[in-house]
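First up is the structure itself, then whatever we jot down about it.
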Amino acid sequence: MQPKLTAKARCTDKEIGRISKVIVDPLSREISHVVIQVNHGGDRERKVPIGEIQEAVSEEEVILKCTSNEFDQFPEIDRDNYVTLKEVEIAHLEEHLDVEPGEILVPLPTLERGMPRRTFFANMTHAVGAMIALPLVFPVLKYLMKPMYRTFDNSWFNIGNVQKIKKENIGVQYKFTRGVKEAFMPEEKVTKNVWVVKTTPQVLEKVYGNKEKKFEDSTGKVVWVNKPNVPYVAFSGKCPHLGCGYKWRRVKKYPDGVFLCPCHLSVYDEAGIVLDGPAPRRLDILPMQLTASGDVKIIDIVYKAGVKEEIRLL
Amino acid sequence: MKSLSNTKLGLLVLWPTFWTGFPLKLVISLLLLAGGLHPWEGTGLKFLLLLSIPIDMWALGLCARTVLLERLHVEPQPGFGVRLWWQWALFSILYLPLLYYIVGAVVATAQSLSASIIEFLKQNVVTIHIAEQITLDLVLWGSVATLVLLLLLGGWFFGLGALVQRQVRVAVHKDGSFQDMVSRWDSLRVPPDQGLLLTAFTGGGVVLSLIFWGLLPVTTPHPHEEYEYTYVKKVERPVHPKEILKKTKKVLAKAKSVIEELEKKKKEEKKSKKTGGDVKISPKANQGKKSPPSLKSKGV
Amino acid sequence: MNWKPDTVNQATAFEKVVDFIDERVGLKTVQAKMLNEPVPGGSRWAYAFGSCLLFIFILQAVTGILLMFYYVPSTDHAYASTQYILHEVDYGWFLLSYHFWGSSAMVVMVFAHMSQVFLWGAYKRPRELIWLVGLALFGIVMAFGFTGYLLPWDQRAFWATTVGVEIMDKTPVIGDFLSRFLKGGPTPGQMTISRFFVIHVMILPATLMGLASLHLFLFRKAGPAGPFRGSPEEIKAKTDYFFPRQIWKDIIAMASVFLIVASLAFIEPVELLEKATPDPGDYHPEPEWYFLFLFQLLRLKIFGGEFGQFLGTIAIPGAFMELLAALPFIDRHPNRDIFKRPVALVSWIVVMLGILIFTVSAILNREFLD
């Protein structure tokens, strides 16, 4: 039981005064001392360690272990060495202490008595608040999502001529420049990479498996079909693993040459099939057509990297 | 028993009634605007006025009851809101057009009077520059018009208050302290079935939000005439197969004639070389052989 | 005490989370102290203007942040990106128009809030500091309007800002420095738009949030002033709590403001003029509507000439603001009843009427120019 302020203090022989203050240890948050104001002693207040309290008879009275003569040995409090709780913040102190002289109560205004009024206005406030936010949700989401799903660009780009390719079944790099126009920005030129392979019939079969390859736009309409009898294949320059640029190289393990990606060492053969490395799928084939004079035209499709399926992004 | 002047009573009831209905009418107006209608004219206005009737009936009942309880310690009979609304509507339909006409006439007269006063001053007393003239003119006719308007509005409030006063005479006197009166009108604002109102309100709000989303235009209703869109606006051109055939025929015919001409020229060159005639310096003939325009099929 | 069997169900998951936080934060105590504030004389619609200002600011911040997803603050892209938002981004026109009209709503609400505080005498002791912080907030709101106006970089934006900065240039001593600082040079250009942008989206919002918190803290410390008349019995009978009563009135007022601003966005969506050019051409520069009365005042002959200009743009407005700041220290009489403060009432009416008359005059003046 914690001593109450203004509780009477008795020594073993007689009543000595009242508890006027309580001193708290800021670290342990326990009461370390009580300050007893001596009866008829004017302003005399003595600091008594809590251990000296023999028993707390009730909340109104405590009995000390000492006699009234021994009481005078306790030191007087030097008030300047202490601050009140209004001047210092001790965390969680209220949970440990209960030294108020009873609770301080404040009456509810008449209009706030009775729960129905409070709950009605509280609930209606929440409802109105939600109704202010709700109309904005859809427009804001659409606003933010506007550029996220752009329509596919199915324009053809001339990337060069097949005369460049001297040998069959090797990767030949073609660079082309295209314009990129984003929203309100002026058009910018970017250079991109495509790898073209002149294939023998066996390799061509590995590429297409004798089936046509259809390319569709976002609505599912077929934009182009690569026929399996054209002996040239154009591969997108981005590795399907994570989008790095790969190259045709001759390495010790594959002296005839392979497509090798330097980022995570995915290896593909001349048909684009994965030989080694973390690539989730084979090299991406681009829609391609050859003009009569041997110019190669492609649609610059970008596929999503890192997945097994072919998902078109642009 | 307390009493209030008619004018004050009219204003005391009208002011909260107007503002009580205001947010609900705003919701209606916004939906009308989203749908492309103007709530201050035409179909939109009719719609707004129609929906305002039940709103105003409810608001008037609630606010008038509040004023009567707090100020006069009386509680009117049930159905009082609707009754009062009819009386107010009838009175206003007669009074307000009159007010509008009178104020309009006063404004016109005051404006012409003010203009002639200013002309007189400018010619005979002192020069008045444009900015000063505008403000002086405005203050002269504006103050007169405002005064007349306020007086006539006072008359309107008087009439409204008198109609309320009639209801007060048949209302029931309520005993109790001021606190009792306040608690009484306060509890008028709490519905007996809170859950029902809350659900209905929220449900209605959700439905109206969905309608708003449907009506909201995706792009600006006032586009700038010189704005260039970044995407090519698809203009669907109707396909006429006959025209395409005609065009193709023309192209082929032209190509044919070009080839024939070139062949002619070739023959003439060969002839001139054989006969060794005057060397014609015609750089065009000696340029690299141009291949005839090929009719390659284009891709798709 | 009778022991009753525990018939109450286990605390729900939500209640458990709340208890977890409460044990560590003292959430319940804080919430109770913040919400259960008695409003003497009862909650009133007239007290809602301050909360409405906070609401408008939050929506301006939200719409402003959304606009920043597409707007580019450079002289070559500002106009194009703003037009892009209006014409091509889904509902961009609505968000931009809401942001534009929201700024006007904020100015109206500031006038309403200041008027309410003035008329209720709530600037008097012990609320002098709240009033002063409020005046600073008023200045910030005006600065928001001024800096934001330039960003679309069309003719209207460019020329209104040019004229405005020219006026500031006439401030004695610091005028030239101030105008060069704002313009980022001797003439307006890229540096200007960069500075106005950072001031508008970073410096002013941070300052406003800090000062608004201070304003609210001081208000809480002083407590609401309440009505200026009424017997103690009347005041006690109507007293209720901040939550839910005043908050209810606040949120209805906020909803009304939201609906009005949205309606304005439909009635007059933002439409840009041509892209800003160094030559004004046919365009007559005009400031935003809440500066029109000043604009019109400056057309009067008494404010012509160098001294007159100084008087009209710096001296008189400056003196007026200083008078407002000194108000709680000049008017020390504790009586707050507006009907017993004739000087205050008449001055307020005169100032409001003056602003109204000169605003209307500015609009009428347009016909003379066309």
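Order of writing sets the chain letters: A, B and C. Residues in each chain are counted from 1.
In the analysis below, a residue touches a chain if its C-beta (ideal position, glycine included) is under 8 Å from a C-beta of that chain, and two chains touch if they have at least 3 such contacts.
What you see is a predicted model; the values in this text were computed from it and never measured.
S.K.: Compared with chain A, which chain's mean CA position is the farthest off?
M.R.: Farthest by centroid: B.
S.K.: So which has more C-beta pairs touching, B-C or A-B?
M.R.: Of A-B and B-C, it is B-C that has more C-beta pairs in contact.
S.K.: What whole-Å value do you get for the distance between chain A and chain C if each is reduced to the mean of its CA atoms?
M.R.: 33
S.K.: Can you give the whole-Å distance between the Cα centres of chain A and chain B?
M.R.: So the centre of chain A lies 42 Å away from the centre of chain B.
S.K.: Centroid of chain B to centroid of chain C, CA atoms only: how many Å?
M.R.: Chain B and chain C have C-alpha centres separated by 25 Å.
S.K.: Tell me, which residues of chain C touch at least two other chains?
M.R.: Residues 83-84, 88, 90-92, 94, 236-238, 252, 255, 262.
S.K.: In chain B, which residues are in touch with two or more of the other chains?
M.R.: 179, 182-183, 216, 218, 230-231
S.K.: Considering chain A alone, which of its residues make contact with at least two other chains?
M.R.: Only 110-111, 124, 131, 135, 139, 142, 183-184 qualify.
S.K.: Going by the contact rule at the top, pick out the chain A residues touching chain B in the complex.
M.R.: 110-111, 116-117, 119-120, 123-124, 127, 130-131, 134-135, 138-139, 142, 151, 156, 181, 183-184, 224, 289, 291-292, 297
S.K.: Spell out the residues on chain A that touch chain C in their complex, using ranges where they run on.
M.R.: My answer: residues 109-112, 118, 121-122, 124-125, 128-129, 131-132, 135, 139-140, 142-146, 183-185.
S.K.: For a test of understanding, state which residues of chain C touch chain A in their complex under the given definition.
M.R.: 38, 42, 66, 69-70, 72, 77, 80-81, 83-84, 88-92, 94-95, 236-241, 243-245, 247-248, 251-252, 254-255, 258, 262
S.K.: For the complex, give me every residue of chain B touching chain C.
M.R.: So the residues of chain B in touch with chain C come to 19, 22-23, 26-27, 29-30, 33-34, 38, 129-132, 134-135, 138-139, 142, 177-179, 182-183, 216-224, 226-227, 229-231.
S.K.: Which part of chain B faces chain A closely enough to touch in the complex?
M.R.: Counting only chain B, the residues touching chain A are 179, 182-183, 186-187, 190-191, 194, 198, 201-202, 205-206, 209, 212-213, 216, 218, 230-231, 294, 296, 299-300.
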